[in-house]
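Heads up, the next two complexes both have subunit A, just with different partners, subunit B and then subunit C.
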Partner chain A sequence: MSGKLRPGEARNRRDTVAALLFLLPNFLGFVIFTSGPVIFSLAASFTNWNLQQTVPFRWVGFENYGRLLADPEFHLYAVNTAYFLLGMPLAIAGSLCLAMMLSQKLKGIVVYRTLFYLPSFTSGVALMILWKALYNPDFGPVNAMIDWVTHSLHLSIAAPQWLLSTQNVLGLDVEKVGFTAKQLGIGARDAIIIMGIWTAVGGNNMLLYLAALTNVPQELSEAAELDGAGPWQVFRNVTWPQLAPTTFFIVVMSFIGGLQGGFEQARVMTAGGPAGTTTTLAYHIYTKAFEEFQIGYASAVSWVLFALVFAATAVNWKFGNREVSY
Partner chain B sequence: MRVFFAATFVVLIALSLLAWSIRPNVAEPGKTALTWVSDDNPARREQINLFNRLHKDLTLRLDPNNTGMEKVIVQSLAGVGPDLFDCYDTFQLSAYVKSGIAWNVTDELAKLGLDPAKQTWKAVQADSIYEGRAYGFGNNVGADAVWFNKSIFDREGIPYPKGPWRWPEFIKLAQRLTHRDANGRATQFGFMCEWWQWLHFVYQFGGRVYSEDGTRCVVDSPETVAAVQLLYDLIYKYKVMPSPVEEAAMATQGGWGSGTITRFGADKGAMALGGRWWLCTLRDYKGLRLGVVECPYSVKRVFRGYGKGTLINKNSPHRQEALKFLVYQAGREYNQLINDQADALGPVVQFAYEPRYLLNPKHPEEDYNVVWRDALERATPDQYSPFINGQVALRLLNKQLDLVKNNQKTAKAAMCDAALQLNREIARGLEQDPELARRYREITGRTAPGGAQ
Partner chain C sequence: MAKPIRTVLIYLGLSLVALTMLLPFLWMVLASLKPLREVEMLNPLPTEWHPENYRKVFEQIPFARYYFNSVFISAWITFLQCLTSCMAAFAFARLNWKGRDGVFRLYLATLMIPGVVTMIPNYTLMVKLHILDSYTGLIVPASFSAFGTFLLRQFMLTIPPALDEAAEIDGAGRWQVFWDVIMPLARPGIITLGIFTFMGTYGSFFWPLILIKSEHLRTLPIGMLFFDTNYGRQTNLIMAASVMNIIPLIILFVTSQKFLVKGIQLGAVKG
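Then we have the complex of A and B:
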């Protein structure tokens, strides 16, 4: 066997080395800053690691996992996290409607598209401060409008207290998992959902739908119209099935984002209150790790959250994928 | 394409080197830079400037962006922490000590002739002395009293209040000073205070957060419940204090000295419970005429004392230089500056008993400085239990107080639940921590319930 490489093989090898060298910085970054901490947090979740070093460091096996499953706070915050997902279908439907409107061939449509996408460019913190002012129960424009409408219609309905109220549309209890009529109403959780819908409708989902709509073959719609289909039937039987892969992708990503979300809102708008009603699992992890220094326990919560995200994605994949035709 | 990527890489390296070479110096040549993590109080700059003037070989800089305890601990453990940082209570101090980042300066201070236990106010010792050892020196200290707006009193023809006085007398006055429009919306409140000041009420009702030995939470005691009930009644029964909704309607967006201070400064309230440090903000309100009277009391004429200490990062490469800042805090220049600035009171007792403290020539209208000193003499520092993580306790207590404040739960039910939850947390700590269990045995003579062996 000759040790000499043929010209083609030598070039292939050089290309491979060059490719690996170009990939190396990114790969190293990924290993050091992403996969390394992820594996580290898994190991930490089996320890009693406490930044205050009050307790001797030791391996505790599944103790943290057992503790969190029995922790009423964890249950409440998991319910809060799930509650925030209620806004997802509305946000997706809103994005689709908006994308369909913005896909019309109208003069100046690019300006409209830009305007609707503007919230995505704006700093999240700035938007949250703005919404905080909008939700002011006494002087906020939202309640001013509600008061004006109810006054005009001679209705005696009190405007919601928004970010100050523990009430919610499902009547979830504040201190235990369950329902109570006392909590039925509109409160901080709903306020955050409404803000989330507003932000999401004109965001990336709209862009994805806009791109997907341009790929729907025009001839299919035209053929359906020639066969006598109305706009709703064209949408239901032609456009919607063609958008299925995009919808599937958006649903999966929204689920993942929704389960991991709520941190910024809690940090900026509510500090997780009132009475913990806007504390999500993501904010709970932060509180446990960096305010109470229970790194081991917080790592266990992170991994349970990961398992929830993974399970939700798997369920979506298994059942949602059936409806998708590529 | 390969040439393009290689060229980009080279350019990036060159730019990085350029950036490194022109990075700004943190200190002038020949000087040592010290970083102090503290809040961005308007008075802070002057305190730093004075230190820098007195120490030509040092440059002290303020870092107001990393004030959270979690940031200080994580950064210091990672080796990128500040040289000096502030500490606001015993729990924080214990956290800094237990995480190994607070430098025990007992011997160093003794060599320099300083003894914080003898020189400083009792209320600030809790922020720098832990289990008999000094980890820093007091920075400033205070106790709250009642501010009143003289213009409002004059306008309504009501004589200025005088202490000592009791709550029933105060409530009658606050009701006279509360005004609402035809819709029931308050145009002026008789009184304002923040709910985080609840301990001020608890102590004077004779209540406690923890038992004397710290092994149990006792916020379900009738005294503590009565204190929380008074806070609730001031809002919902006597209607002299803003409810959460009314507070939000007057909300400011945050920043140093926001909230009740700005609302009071804007004539929204006739009286407010606050500290001398409010003057750092209120002095800027033109035309605001202020008076101060001791806070009314219930069972005991005591007030909550608070302050902050400055600690040195054990891992700092400039520990010895940072020590000069503690010496500075013990000195006349610093204490007089704090007293003149009205950033609460200087940490050293002696300087509050000099004529200069009582009358600041730049602010002769502030003729009430003696009230702050008297309040501080009767001040009691916050209680602390080594058996519970203070942040957990705070979160659990705040949740229950939130429910009372929002009229969702009675004071009694909320405090009973809080005591239950905190005691459960204490029991869990004893189960997990052999050191705590040992300490529990030492204090009580009993084995900790389910305690670690």
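Then we have the complex of A and C:
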């Protein structure tokens, strides 16, 4: 009640005004370009809004959601998105392997680290165009090498058609969700996964593991070795548990990134084909929103994607944290 | 006895991986120097060297313009994003105010939102503001970053609070504390964010693809995409363009490795 402020209060008040000013530019941008659009897009997902205005605008409730859940195309694209996640454990295991080799104190390690990091640092449209040429089944060097090897071993195995083929290593059918033997093989989806592993294996995840490995106390593994533990046992019982928080972080981030991925690959390398087998949810949203201008429907798909990302993160959190905290 | 064998095996493994990483790049460089008919043949080295392929790229498409656009836009976004992120990070890391942690959690939560969710409303916003197909439309929406704010906040938290207090006792205002005390100490973090942002913007694809209609506003990735789709199978020229596309990134990487490695580890480990 008295007009006097305690010094702490005066400080806090000054802080609040200053904080507002410091935060303002960023917060305005945040509201206009991030949090505002999130709410706007949720609202749009309940409309039939079309930028070409061929039909009168109206609220349609859950119609878009009902339509997409019943759409066999949407099922295929969801399967594709899930299929691309198969590369994730391979890439993470690869990153860990590389980090373990790099963490040995050997000469010239920095040179190797730089070379491994090169693809992830330069990744993007240019490298995707490169891989499209590498995968060319008639002229590309990948099949040239495969042909050369099979030829010299006198094997009669046809090299994969890569980006032109709907086959996949799980033998997934294209028209419906299920297995079919004639789809068993190597095709476009696998080609994109291989490229993805090549790009990511020596990237940020490897650096994260490398940092985590240098923090594993040397004495622990030495003590285990003295107790007669072999290299695998030391890894399984000493190193791996120590790496758990890093692995957890990497898995969460890979899920978040993986579920929304595949757009550039589809746009640059395959146009989502063949037969839609490389169309991920992200690319589907792009074609619906920016080629067909069905803003309402595309917003609904993007919210389904958001829900998937959220669910994956929540599941990871629930099961991953338990693993981490022992 | 076992030690040297192990060392040799590790070097062997490392070299094998390094070779796998390098071969595609090597093929790209060699293909860019070949005559077109030889790209599709298996001889690794060109029989005739054609460095003029690089000049031809500039003759066929406005490649210099794409370069300029990419660098110009990336530089602006990097500058604005670092500035707005620094200021917000200062408010989150060094000032006490009501609701701070709540607002910060809101920022963090948005990191999980897929880019495409906000992309559609932002596109319609650009249409309404009539800045579709303009530098402004490319630069402004990308100039605010929750990730950047997060990264710099983590960095500023590692600066001892005694420093601000000492400056305040000497009569410095909030702005002076920010500008004269925190900014110089946060420089490594700012440089890291700057490199991330520059790289990300230089390679960014989705937003320029939907926003840009005019050829003279195309950035490198968009220019590359249309060069690849419209100019048929001039693989040698396309590879030359790809090489020129990634050279700035390689230079940036070699000169800034130290900051990058630290920044990546800071952004995650202390999260």
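Odds and ends about this structure:
Heads up, the rule we're going with is that the second predicted complex is superposed on the first by the 321 of 326 C-alpha atoms of A that agree within 3 Å, B and C clash if a C-alpha of one lies under 4 Å from a C-alpha of the other, contacts with A are read in each partner's own complex, and residues count from 1 in each chain.
Rule of thumb we're sticking to: a residue touches a chain if its C-beta (ideal position, glycine included) is under 8 Å from a C-beta of that chain, and two chains touch if they have at least 3 such contacts.
Bear in mind the structure is a predicted one, so any value in this text is a computation, not a measurement.
On the shared subunit subunit A, the superposed partners subunit B and subunit C overlap sterically. Between subunit B and subunit C, C touches the greater number of residues of subunit A.
Legend: residue contacts after superposition of the two complexes on their common chain; A:Pro37 is shown touching subunit C, with no touch to subunit B. By the document's definition of touching, neither partner reaches A:Gly196: not subunit B, not subunit C. Contacts of A:Phe290 after superposition on the shared chain: both subunit B and subunit C are touched. Of the two partner chains placed by superposition, only subunit B is touched by A:Gly273; subunit C is not. Of the two partner chains placed by superposition, only subunit B is touched by A:Val55; subunit C is not. When both complexes are overlaid on chain A, the residue A:Pro160 reaches neither subunit B nor subunit C. Of the two partner chains, subunit C is the only one touched by A:Leu98; subunit B is not. In the superposed model, A:Trp131 makes contact with subunit C only, not with subunit B. The superposed model places subunit C right into subunit B at 63-71; the other stretches listed in 63-71, 171-179, 333-341 or 441-449 stay free of clashes.
Residue overlap on subunit A between the subunit B contacts of one complex and the subunit C contacts of the other covers 18, 22, 51, 129, 138-139, 290. The part of subunit A that touches subunit B in the complex is made up of residues 18, 22, 48, 51-56, 129, 136-139, 161, 163-166, 174-175, 273-276, 287, 290-294.
Within the complex formed with subunit A, the residues of subunit C that make contact are 7, 10-11, 13-14, 17-18, 20-22, 24-25, 27-28, 31, 39-40, 42, 83-85, 87-88, 90-92, 95-98, 100, 103, 106-107, 110, 112-125, 127, 141, 143-144, 146, 149, 174-175, 178, 199, 203, 205-206, 209-210, 220-221, 224-225, 228, 235, 238-239, 241-242, 245-246, 249-250, 253-254, 257, 261, 264-265, 268-269, 271.
Within the complex formed with subunit A, the residues of subunit B that make contact are 2, 5, 68-70, 73-74, 77, 94-95, 98-100, 185, 244-246, 248-249, 251, 253, 389, 391-392, 395, 398-399, 402-403, 406, 408, 417, 432-436. Residues 11-12, 14-16, 18-20, 22-23, 25-30, 32-38, 40-41, 44, 51, 98, 101-102, 104, 106, 112, 114-119, 121-127, 129-134, 138-139, 141, 144, 198, 202, 204, 207-208, 211-212, 246, 249, 253, 256, 259-260, 263-264, 267-268, 282, 285-286, 289-290, 295, 298-299, 302-303, 305-306, 309-310, 313 of subunit A touch subunit C in their complex.
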